[in-house]
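In what comes next, chain A is part of two complexes: it sits with chain B in the first one and with chain C in the second one.
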Partner chain A sequence: MISPRYHREIPQRYRLEAGKCKQCGNISFPPRLVCPKCKSKSFETVQLGREGKILTFTIIRVGPDKFSKETPYVVAIIELNDGVRLTAQVSDCDVDKVAIGDKVKLVFRKIQDEGKSGLHCYGYKAVLT
Partner chain B sequence: MLNEMKSRFAGKDVAVIGVGMTKFGELWKKSLRDIFVEASLKAIENSGVDHIDSMYVGTMSGGLFVGQEHIGAVMADYLGVAPIPATRVESACASGGAAFRQAYFEVASGHSEIVLAGGVEKMTDGADVTEALAAAADQEYEVYNGITFPGLYAMIARAHMHQYKTTREQLAHVAVKNHKNGSMNPNAQFRSPVTLEQVMKATMVADPLRLLDCSPVSDGGAAVIVCSVDYAKKLKKPYVKVVASAQASDTIALHSRESLTALKCVSVAADKAYKQAGLKPSDINFAEVHDCFTIAEIVVTEDLGFFEKGLGGAAAENGSTAIGGKIPINTSGGLKSKGHPVGATGVAQIIELYEQLTGNSGERQVKNAKYGLAQNMGGSGASCIIHILEAV
Partner chain C sequence: MIGIVGYGSYLPRYRIKVDLIAKQWGADTEAIKRGLMLYEKTVPGTDEDTITISVEAAKYALQRARIDPQKIGAVYIGSESHPYAVKPSATILIDALGIGPHVHVASYEFACKAGTEAMYVAYSLVKAGEMEYALGIGADTSQGAPGDALEYSASAGGSAFIMGKENVVAEILFTNSYTSDTPDFWRREHEFYPRHAGRFTGEPAYFKHIHNAGKNLLEKSGLSPKDFQFAVFHMPNGKFPQEAGKKLGFTKEQMEVGWISPWMGNTYSGSSPTGLSAILDVAKPGDKIFMVSFGSGAGSDGFIYKVTNEIDKVRDLAPKLRDMLDNDKIYLDYGEYAKFRKKIILNE
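Right, the complex of A and B next:
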């Protein structure tokens, strides 16, 4: 069983589907109903590329209860090659070796367990390339 | 510009005539409603009014912290002022500033004569505080991926250090100064000074931010009484005048911002506030700013126009922001040392302005202060509320 809330976000979390404005070309991730740049309401669905670089990051040493068993872990703001920015964990790395400007690739990973039933929830994490 | 604004804003001149707050800290014996009522009774008594016409209550998350919503009604009931209108106002950590702004509008519009603006939060009753606070960020695209509030500000800090060569020591200087100020504030949660070394060696929370870079988890309440300047004159009590009230918003997710080292909601709201008051940043004598984390004070003092972009860290280090410096920042101790019961914070900032501008700040008094500015911020900078108060 998948919760409706989780199910709605699957196109973004699994496939990186974004909304490209038909008027100005700005890409919104996640998709929006109104383009923040030109206010157009007309979009086409595009799939983001998975490669990008780290703009800034932190190492979470004290996490919320849900992630407390995973500390320390790196969370970064990543700019993908098509200009879209997002927040993701940087996985499979020595947390003390990550740096601004590092090249990364988004991969499919389990992110967390939802609610009391503990549903596995998936999405994207970054790995250094 | 002043005349242009005045002609567009035809409301009444607004005053603050009384203030009251609880001590901030871990108030084990007091409930959410007890805390609010205590602060409100003090404000009402301090102002000398015999009634209030309506009230606003700033609270970030009664629901997540103690399971209580419908806060306006709860507080009017327990303050014993029902059936007056009572509304809860929420803008995350800027809820208190937003409540004060609603009271300002209600008085300026002439709709009510006397309005109470309060704020309250009860954070130590056992909720997962990290998770509750994270509700002010983008749940689906930031929090889902494991970010925390210290983590968001840590990412701002790292970007600022990278771009402007802000140092780890400069961040620590903010904490040292604010703890020193808080040590002189009887209502502060932490009344003990800290050393640079203590801050630099504190437990790491989210690199590069350590425990002493973070505002604490607090319970507390604050309330002020707002009325027209005309009414305040009749009461023959000390009052201060509200000369600007401004607000701005930005993207909910930090990653969507144009800049990771500037807070646009702050600069936009500040521009509006300075225009409304007919003032420049250099006219402001002191300010209470939203130092939820040390880096926030550095970025905010730049974006308010007090320091050139990139020099906020140096300003903290060279004493420009200390009492007696070029522009004292967070004379109350700020969120860092006074405490940060989220919804109460914006109102407590107004209280510090009132006390400074009426000459009641004791050891931490700023000499000859005419204009004080309060900057209250929601989330990682998705909302900002600024007020400027003038001594009369």
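Right, the complex of A and C next:
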């Protein structure tokens, strides 16, 4: 992740800011310019709740170079209580005990480092509740 | 009335028992446990650092304070393990919690007392009328060199305190600081692990500064140890705070609730502030709390708090310290611990 892109994504990665369509109420995360449901271009910014459940997940046992020392780890599709779905790593868990339907909450964690001297990049990860 | 309007703490779930560290280095486990009064310590996850710990602790403090984050005029994080040498940790925290951008932030550093420095300045700014609320945090992922005595204690965690004038849960009645040039512990720039002067860190450093700050604080307030329900001192291990408190005239019972180091380790800047958090979780309106921190180098900050009726309204609004300390633990072996703490040399 390069620094300018990381900076642009801070409202979503740090604060879970989403776009709520003023016409039909559909919530887009990350925010969109056009509502995928009603094609409206009018949105208000809303902050998503941090609690939800695991819809499905995978266990990464052979990770990309940057995460190769973190394996095995879980990446899950999570449905938040307000209906929005997102992808996040599930941290602090025994990977063999994670199950579909497990309740989770999103917490603030370090996602990755830009090499040895670059930025620390932060964002949301899930933990089991 | 000026004081704490919201407080919160965060401890990582990972632990290592001191037995495993002692075994690794061929040390006498029972002697370590008896000498330092330490049983296990917290370990940060590979995705946790002073910033993530501060964010979680401050989030809980905001939940208890029930205030608009935009009203916070200053955020100070005290730590000896800020992830950046140049870039204040609080720049990231404010964006995570919706504070600012019209806010003053800074990173503080004073070995184990950087947290109470942040609390003291936050309190002073509110007292001066500069702002409605200010946030002071002490958090660390402290480092102990492999095989060094510090490895048994250096742990991770932190606590956050929002200072204000409305709906105060613990009024700050008196403060006092005591500082001198005492080279008992230091870390030079670019060095990974700190150095310390062994036994010199005890009597001329820890005990002298805590005793003088505490004694002056009692004199200033006109109070005596028996006027307090609780007392908490910096906890570099399990043994030192008990001795320092006893010397000032406090009993084991007064220190029991805040004495969490045997199971938490030394969270450095988050040490006595996290003990305070454990006390606030159980304190009753009217209770008085005596607190003295210590930071090598060296200095101590002392505070006297009086708990108000507001405490009963807020304590259940966020997780309690004892629950975090006692439950949902994940134990690591020494190899996993060494990997987590980046003590293993890897190829680029």
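Rule of thumb we're sticking to: the second predicted complex is superposed on the first by the 123 of 129 C-alpha atoms of A that agree within 3 Å, B and C clash if a C-alpha of one lies under 4 Å from a C-alpha of the other, contacts with A are read in each partner's own complex, and residues count from 1 in each chain.
The rule we apply is simple: contacts are C-beta pairs under 8 Å (C-beta built on N, C-alpha and C of every residue); 3 or more make two chains touch, one makes a residue touch a chain.
Values in this document were obtained by computation on a predicted structure and should not be read as measured data.
Once the two complexes are overlaid through chain A, chain B and chain C fit side by side, free of any clash as defined at the top of the document. Contacts of A:Glu70 after superposition: both chain B and chain C are touched. By the touch criterion defined above, A:His120 lies against chain C but remains apart from chain B after alignment on the C-alpha atoms of chain A. Applying the stated contact rule after C-alpha superposition, one finds that A:Leu55 touches chain B and leaves chain C untouched.
Contacts of A:Glu9 after superposition: chain B is touched, whereas chain C is not reached.
The superposition-derived angle at chain A (between chain B and chain C) is 150°, Cα centres, a multiple of 10. Taking chain A as the reference chain, the count of touched residues is higher for B when chain B and chain C are set side by side. Residue contacts after overlaying the shared chain place A:Ile111 against chain B and chain C alike. Touch criterion met: A:Asp92 reaches chain C, while chain B stays clear of it. Once the two complexes are overlaid on the shared chain, A:Pro30 sits against chain B while remaining clear of chain C. Superposition on the common chain places the nearest Cα atoms of chain B and chain C 12 Å from each other. When both complexes are aligned on chain A by C-alpha atoms, chain A residues 70, 111, 125 touch chain B in the first and chain C in the second. Across the complex, chain A meets chain C through its residues 10, 14-15, 47, 69-70, 91-92, 94, 107-111, 116, 120, 122, 125. Note for the complex: chain C touches chain A at residues 12-14, 45-49, 51-52, 55-56, 59, 83-84, 92, 95-98, 330, 339, 346, 348.
Put simply, chain B touches chain A in their complex at residues 128, 130-131, 134, 140-142, 144-148, 150-151, 154-156, 158-159, 162, 203-209, 251, 253-256, 260.
The touching residues of chain A, when paired with chain B in their complex, are 9, 30, 36, 55-67, 70, 73, 75-78, 85-89, 100, 111-112, 121, 123, 125.
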